[in-house]
Amino acid sequence: MTLNDLLGCDVVTHDGRKLGSVIDVRLKTAGPAEPVQVLPFDALLVSRRSTGSLFGYERRREQGPALFAHFFRAIHREARLVPWSGVDQWTPGQTVTLKAGAAVTPALPEA
Amino acid sequence: MKRLLGVMLGILTAIGGFVDIGDLVTNAVVGSRFGVSLAWVVVVGVVGICVFAEMSGRVAAVSGRGTFDLVRERLGPRAGLLNLLASVAVTLLTFIAEIGGIALALELVSGVNYLLIVPFAAFALWLILWRVKFVAMENVFGLAGLALVVFAVAVWQLGPDWEQLLHHATHPVVPFGEGHPTYWYYAIALFGAAMTPYEVFFFSSGGVEEKWRRKDLIEARMNVFLGFPLGGTLSLAIMTCAALVMLPRGIEVTTLGQVGLPVAVALGKIGIAFALVGFVAATFGAACETGLAVGYSVAQFYGWQWGKYVSPARASRFHLLILVSTLLAVAVLLTTVDPIKVTEYSVVFSAVALPLTYFPILVVANDPDYMGPSVNGRLANTLGVVYFFILTVAALAALPLMLITKAGQ
Amino acid sequence: MSDSPDRVPRKATGEVSYDAALRLLDRQVIDSDGAFVCNVDDLEVDVSGTGPPRITALLTGPAALGPRTGGFIGRWMVATWRRLAPDQDPRPGRIDLHLIADIDSAIHLAVPRRRLAELADGDKGIDGFEQWARSVVIGRIPGARHDPE
Amino acid sequence: MCAALVLAGCVSPAPDEASFSDKAAMTAGAAASEVSTVRLTTQLLLADRLQRNYGDVTISASEDALSSVSQTFSVVQPPDKTSDAVRTELEQLLGDAEDAVAAARIANRRDDHPAMRKAVHDLGKSATQLQAAEKKYG
């Protein structure tokens, strides 16, 4: 299994509603000073589009230029963060199905 | 004292290294057809290359990453690959034009047909890229390229009516007999010549090779902010020479020989001797830079070892790329395609390809993960966004204008 | 290069999480001598055991990059590489996460590149093309092993 | 890119009279440019202000360019009688120009100053006529 089997997968809620597709995976480290041993999945970033998601505007507040930030945040205004604990099932290369009551929050932190 | 000398040397090589075959040809062609009515484009182009080079130099120094490392990281492998193919194609076209330019310059020196010179010039070039250190290469060709100052002396010697010249430059009108599409087509060509993408790949990769740190940024910025505008002045001098000597005689520049004739009018044989040294140095230097830029781009995209600070055996794929590009350039030139025509197309396609690398660099220069506290300030971002729009408009307009004007006929 | 004071090392920023596509994929991998090794073409995911899936290794080479490139070019990339690879069933180059010393704008390894082949099981993908280019063309040209003058 | 190169390099047959005289004007202009280049180069060589090799290469390049311009024009199909007149007149001028340039090349290679002075005069006349033709047809 590789990360490519997860990126781009459709993300579907338990009642079959499509949230978007996986644009990134947040990984947890053991701590800032700890050596990198294994990196477990922490959360999924989900958006309806993939254009420009590698610029990071939809998940970070501080990055300019303002014009680009506005543009890409508008494209990804429905970008969501879903904790991996809320994932029910992952079919590699196809879909990720969420549990009922998974905590879906906006990807962009509050200002 | 030693540091000051280093800074001086850097600025001088930046001036001498600014002009390449694209600048020589395009500025002379434009001067002979449009006078100084397109001089403003050189100014816009020089400010643009300053903005772009400062940004990518800063990114290189702070993050230690070359341009195509970042292009792939920000665009992903698919869009990144298309970007790489387009950029490398344009850089290769420029590389071919530069080698052709060396051969044409040496033809003017020796009287030997340039096609016979091409293989020898290419071999000498490859040998330099194989053996000579980055800094030595840059300094020798940059300093010799300063011989092109002879064009500025020639303008002064021709004694133009400065007031009138300035008036024409600041109140541009399309000259009689030229259409508006042609005017704008050459505006884009001139812009592409001033802002050729390889300059930035080369500049930033050089920064990574020489292991720039934050403290080296001041020096790099001086090179950019003093060297490039002064180099741009040489471009303007070449244009003005053609405007003063060729335009009144109804001569449209189509060969490298014609580019130098105004210098002979103003300064005679000694002037031509300087101009020839300048032609050879400028094209040789730029051929080295474009050849390396091809290797840098592909190697950075795939994460291969690259650079001139290790022996060729430790960067085999990088050197294989350079070798293959050189052979390809020779093969193309030996089809007897006119190197001046190749040059004219290369500068226009440069303008088309520019936004592809400019945009990712602008984004990364704002990314705190890479840049920490050295992200773009307000000025860099304002200029950065303004130029993003200028570049995009120029890139989109270039090909339609090329078709409408039949490449500027 | 890993000791450079200018980069923004992970340890200094106190980051506790990474976005994999943004921070790890397509990054340059640099060995303990400062030589460029490869790019991160994909990441290995381990789904065994309880708990969430874990990234366990960096993957590199056409077999990893091809599927991510997709389309005709991606398939062609993998097919060509399969044909040229000396192994029967070649796998992508693999670098275990244990070998990573630090992550900043690049991924810095704790070992020199020549040890990678011994450490990674069955890896030929990291250095195949480089070795081919060296043995067939570049290494045969006089002066290939001299440092530039 | 290739398509653009091909398109730009094409010379289409002239379908009507206006486009034929446009082509004639362009041809006259391009020819005048080459003739003037040879004239300027010869003047510089006469005044010993230009290296011999440089002058030689420049003149040969202009001679080649002139003959290619003239050849390209000679194969354009004139659409009507008016165009025939334009064609005859311009062919005459192009022929004169090619003769003058060839004479200049020969004189320069021999370093024959009187012949070079005569060539400068002839080239000047040819350039003036071509420029007048360019204005007339354009």
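Lettered A, B, C and D in written order, each chain numbered from 1.
Throughout what follows, a residue touches a chain if its C-beta (ideal position, glycine included) is under 8 Å from a C-beta of that chain, and two chains touch if they have at least 3 such contacts.
No experiment lies behind these values; they were computed from the predicted model shown.
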item: By mean Cα position, the chain sitting nearest the middle; value: B
item: Far-end chain from chain C, centres as C-alpha averages; value: D
item: Geometric centre distance via CA averages, chain C-chain B, whole Å; value: 33
item: Distance between chain centroids, defined by C-alpha means - chain A, chain C (Å); value: 25
item: Intercentroid distance (Cα basis), chain D paired with chain A, Å; value: 67
item: Junction residues of chain B, two or more chains touched; value: 73, 76, 369
item: Sequence positions of chain A contacting 2 or more other chains; value: 54, 56
item: Residue list for chain D, restricted to those that touch at least two other chains; value: none
item: Interchain contacts (touch definition) - all pairs; value: A-B, A-C, B-C, B-D
item: Complex contact set, residues of chain B against chain A; value: 73-76, 362-363, 366-369, 375-376, 381, 384-385
item: List of chain A residues in touch with chain C within their complex; value: 1-7, 23-29, 31-33, 35-42, 45, 53-54, 56, 59, 84-85, 90
item: Chain C residues within the chain A interface of the complex; value: 10-11, 13-22, 24-25, 42-47, 51-56, 59, 64, 67-68, 97-98, 100, 103
item: Residues on chain B engaged by chain C in the complex (per definition of touch); value: 61-65, 69, 72-73, 76-78, 80-81, 130-134, 136, 211, 213-214, 299-306, 308-314, 316-317, 319-320, 323, 369-372
item: Sites on chain D touched by chain B in the complex; value: 1, 4-5, 7-8, 26, 29-30, 32-33, 36-37, 39-41, 44, 47-54, 56-58, 61-62, 65, 127, 131, 138
